[in-house]
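Each of the next two complexes has chain A plus one more chain, namely chain B in the first and chain C in the second.
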Partner chain A sequence: MQMDFSYRETWLHKINPSLKLLVVVILFIHILSINNINFIITYTVGALVLYMCCTGHSSKNLFLISIPFLFIFLTSSTSMIFFGKGDVTWFKWGLIDITEESFFRGLHLGFRGILFAILGIVFSLTTRPVLLFYSLMQQVKLKPKFAYSFMAAVRLIPIIVEEMQTLRYALKVRGVEGQKGILGFYNKLTAYSIPLLSQSIRRAHRIAVAMEAKRFSDSTYRTYYYKIGFSKFDVLFVLYFILVIVVSYFTSIYLPYFSIQDVRYFN
Partner chain B sequence: METIASVQNVRLKFPGADSLLFRDFSLSFQKGEKVLIVGPSGSGKSTLLQVLTGLIPNSVEIPIKADDIKIPSSWGFLFQDPDTQFCMPYVDEEIAFVLENLQIPREEMQKYIRYYLEQVGLEFDDIHTKIQTLSGGMKQRLAIASVLALESDTLFLDEPTAMLDPEGTEEVWQTLKKVGKEKTLVIVEHKLDHVIDFVDRFILLGKNGEIIADGRTQEIFHLYKDVLREEGIWYPGVWQDYTEQHRRQTPKSDVGGKNPVLSLNHFSGYRGKNKRIEVENLDVFPGEWITVLGHNGAGKSTLLHALMDLIKSKGSYQILGKDANKIKKLSDYVAFVFQNPEFQFVTNAVYDEIAYTLQLENENPDKVSERVDGLLRSFHLAKQKQNHPYQLSMGQKRRLSVAAAIVKEQPILLLDEPTFGQDAKNTFAILELLDDLRAQGIAIIMVTHDINIVEHFATRVWYIDKGILVHDCAATPYVEAMNDCRLGGQPDANGLFLSRNMAPQN
Partner chain C sequence: MQKGLKLTDILVTIIIALIFSVIYKLWGPLYGIVSTFGIQLEQLIYGMWFIAATVAYLIIRKPGVALLAEVAAANGEFIFGGEWGVATLVFGLGQGLAAELVFMAFRYKRYDVMTVSLAAVASGIASIFIDYYYSYIGDLALWNLFLMIGFRLTGSILIAGLFAYFIVQALEKTQVTNLVRPASSDDYKALD
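The block that comes next holds the complex of A and B.
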């Protein structure tokens, strides 16, 4: 299926990609230290607002993308809810032991997972790889050698996808597709990986030679087609998350949804 | 005259090769020359270009020894594969990449990008266009634009049209003739049609990279025509020589009284939800050779995919009177050969490759080996039967892919541009093999761009335009109508067009 990935540019696209990456990484680390479920729920809502309103992608695509995240939420939270430790038992059936503590811890885990996912996807939906690498070269002084090899690799992805489709047809015609069992899986694996790898290695080599033929070198000075700087949107982005964190913090203290403040289980 | 590039006493050996590729090889080029280098595959043509530009050994590390190598002060290199010349996703970014390398200030880049695109005749509403959406010919012209951006006097062209259809080939050579007028050009090519009038020096290389001939184009071309033919070079007139030598008659298929192997009625093929190919009403008879023609993206391959049931289809599709939907294994009746033979290989040896389908069905081993040995012989692969398919040459890979496809003696054979990128010798070899199959009563349906195949091998033509099969007629009247039009002076770049009064067969 071909997804239409056209989008409208929003303020999130205009943020300096290096800064955006840095902020998201810092948020990731910060989230790991949150143990208050009230905190993380408000936090998630704050991130969700960005995902729903500000990425510039169609609501249909946003909905499709969110399906796997709901799945992550359900699986990570239910396993903790069903099997986690706790003292106040609500329900017990065989191995399943739902306690108050495990329930909230599970919920907390689910929210943490989905918050990670939302931040990550907001970043990738609003950042063009090419601009990210230009920004990394300009702001973080990433070596052009690495930046351009990544960009060249990104260019190869659609070609590989197309090739896989052709390969799938070819293997179906040859009867490889129909095989079952472990041997069938092994055959399929080699039938796909060897041609795809051999083509990709050849391509990568050719692109490398072509780039050097265009006088690409690892010299220290080069000019840039895209000049990437900072703008008011960067400030807005940072302020938005400071606001979300502050609001989440105070609601968790003064207007908590649940009376539990720390989901960790201490014995 | 000023020598612009030269090599003296080059010795070069590929790792793992048994012998030296070049042994004390010397050659020089003068400023402003237009040089064509021709030779069989493996004669080191591409390697020579890479040595002359310093790509070997600077970028590609291969052991090389030479008394002297003079590299042009500024050079550009145009490669064969349109998909592996670019490292950026958009047209403007790709040319900007070259400008960045040359440290052109950012403010001037837009101006330069537009200038170079105009030089190669590419026009876009928005220069921020995805490279992926361009045709092969347009991609190669973009590659020329980025080579021009290097502002070099010497251009090295390594089979720039080997992977293009006739339309793209024409475009690219027209562009090159225009932009290359003032420059030194060193060209490696095995399709000579478009270059021969343009180059003044002709160098013929032998199998081990030795120079067989070097001189004025017309002289060499006449003196060494036999060598060119022997090496499978596509020189102008190769088809004429071939047909005269083999006294080929245009095949006539006798369909009278036979039952159709394949019938379509209001048949259409879908990719996703979009209808991509539509056919009104057709019967295909044993012993027919149908060429499917049409522009790029018209839906030729899609038709084959629909016939092979690789994509969804609607309408009536019958094989030997049976409904195709009710046939459990369509591949028992229809064989399919893809454009890239490597994708079809699933085993580690040539013999196993052909035997694969039969072994899947647990056929009697004696029967299998008898059938496989027979095919190995008729496809000239017996000597290679223990080799890995990837080790074969281009022509051998192609023959193997056909042999492996037809092993079950299916009555219908579908081929997607089987002669694409093959040299003349391999092309004729494969066409002759297909013709034998046709004579045995197999119906062949083949996508091609080569009008010569239509003229000399096909019995019938289907012409597809914008996803609809618009013409269905015998090959001979099609070719005649085309020749008439050509004399009328309106040749289509693709060589594919129809006169209005040419009625479809049914």
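The block that comes next holds the complex of A and C.
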């Protein structure tokens, strides 16, 4: 299938990548401290607006990308809904015990999972890895040897994917049949990982030797092809999330969707 | 021995990590499918997310490699749009640190299956610890919680411990590991 990944540049692309990463990590920590399901639902809607309107990708792609989100909702919530602690039983069948508390706690976890997923995907859809590492070198003083290694490695991924495709054809042509069970899984793992790993290590080693031969230096006093600074969009990004948090906080107090305020279990 | 990691070590570690980050990314949907069975079966394959640290350490055998590999792999999964988003970064850091601490406890001198499995278990425990805040696992029914912890640790020993060890053993036969490992005392003896 041919997929078109072209996109418009939006204001989210112009934010300083290090700042964007920092904000997303701070939001992560903040979200972990939220135990009120009403709070997190509005929060999720706020992040969803960014995802739908501001990433600059076509709505078809956005739809395709969002399919795994539903899985995330299910994987994060089902265990808790079925097997969580609670007192007000709604449904009991064998080991499954759905209670009011466990249901809302599961729902909360589902929203939490989706919220992290949206924040992450908004970040990755609007950040070019190269600019992220340039920014990390310039603003966070990440050592160039880490940043350039990462950028070189990202460039090698397409080659690895191509090699994997070749391997698949080669195994197919030779009639290698997959076995079932844990041994089959191990055989498959080695059949792919050994050639891929060994070739990649050789290639990475060659690149590193070449870089050093060309006088790659690890000094942080260096010139950069891309100079990355700050702009008004950084302020806008921070303000947007402050707004989302304030609005979610007040709706959770004055206009709650559910009467439950804290999804944790207390004896 | 030269102090710290050289450019070669870092580049090789990161490329290994990125290969695994592609696998991590593909592992997400598989995890999702398995977890629809409900009874924590998905925890058996959770161990795949710890494998970058152990494989990279076994290949390069230097301090700091396990942490760098796991963080880089998590970062890769994050950049490629992994389903868990930011959470991946925090889990990666925790798991990498845990594995690194185990290797440090053995002073980076042991490369056997025991040490690697211990590191895998340590990563598993770190992930459970983060999950305590992340997924309220303390609020699961007790039998379910034990099932989850048991499955996750079993899976991590099997995948990040045993499989990682056997993969690297197979890799040693290709001689490629000699490119990146520091010279051991055996190598010096061979010169005499």
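Throughout what follows, the second predicted complex is superposed on the first by the 255 of 267 C-alpha atoms of A that agree within 3 Å, B and C clash if a C-alpha of one lies under 4 Å from a C-alpha of the other, contacts with A are read in each partner's own complex, and residues count from 1 in each chain.
The definition used in the following text is that contacts are C-beta pairs under 8 Å (C-beta built on N, C-alpha and C of every residue); 3 or more make two chains touch, one makes a residue touch a chain.
As the structure is a prediction and not an experimental result, all values here were calculated from the model.
Aligning the shared chain A places chain B and chain C next to each other free of steric conflict. After overlaying the two complexes on the shared chain, residue contacts for A:Ala152 are found with chain B and with chain C alike. When the two structures are aligned on the shared chain, A:Val130 is found in touch with chain B, with no touch to chain C.
In the superposed model, A:Thr89 lies in contact with neither chain B nor chain C. By the touch criterion defined above, A:Leu189 lies against chain C but remains apart from chain B after alignment on the C-alpha atoms of chain A. Applying the stated contact rule after C-alpha superposition, one finds that A:Leu171 touches chain B and leaves chain C untouched. Within the superposed three-chain model, A:Gly120 lies in touch with chain C and out of touch with chain B [touch as defined at top]. With both complexes placed on chain A, chain A has more residues touched by C than by the other of chain B and chain C.
Put simply, if you stand at the Cα centre of chain A and look at the Cα centres of chain B and chain C, the angle between them is 70 degrees to the nearest 10.
By the touch criterion defined above, A:Arg264 lies against chain C but remains apart from chain B after alignment on the C-alpha atoms of chain A.
In the superposed model, A:Ser231 lies in contact with neither chain B nor chain C.
Of the two partner chains placed by superposition, only chain B is touched by A:Lys214; chain C is not. With chain A used as the common frame, the shortest Cα distance separating chain B from chain C works out to 6 Å.
Annotation: chain A residues 152, 154, 198, 202-203, 207-209, 211-212, 216 touch chain B in one complex and chain C in the other.
For chain A in complex with chain C, the residues that touch the partner chain are 24-25, 27-28, 32, 65, 68-69, 71-72, 74-76, 78-80, 82-85, 95, 97, 102, 105, 109, 112-113, 116-121, 123-125, 127, 129, 132, 145-146, 149-150, 152-154, 156-157, 160-161, 182, 186, 189-190, 193-194, 196-198, 200-205, 207-209, 211-212, 216, 218, 263-265. Across the complex, chain A is touched by residues 50, 53, 55, 58-60, 76-77, 79, 81, 83-90, 92-93, 96-106, 109, 131-132, 146-147, 150, 272, 305, 308, 310, 331, 336, 338, 340, 342-346, 356-357, 360, 390, 404-405 of chain B. In the complex of the two chains, the chain A residues touching chain B come out as 1-2, 130, 148, 151-152, 154-155, 158-159, 163, 166-167, 169-176, 187, 191, 195, 198-199, 202-203, 206-217, 221-225, 227. The touching residues of chain C, when paired with chain A in their complex, are 6-8, 10-19, 22, 28-29, 31-33, 35-36, 38-40, 42, 55, 59, 68, 72, 75-76, 78-90, 133-136, 139-141, 143-144, 148, 158, 163, 166-167, 170-171, 174, 176-177, 179-180.
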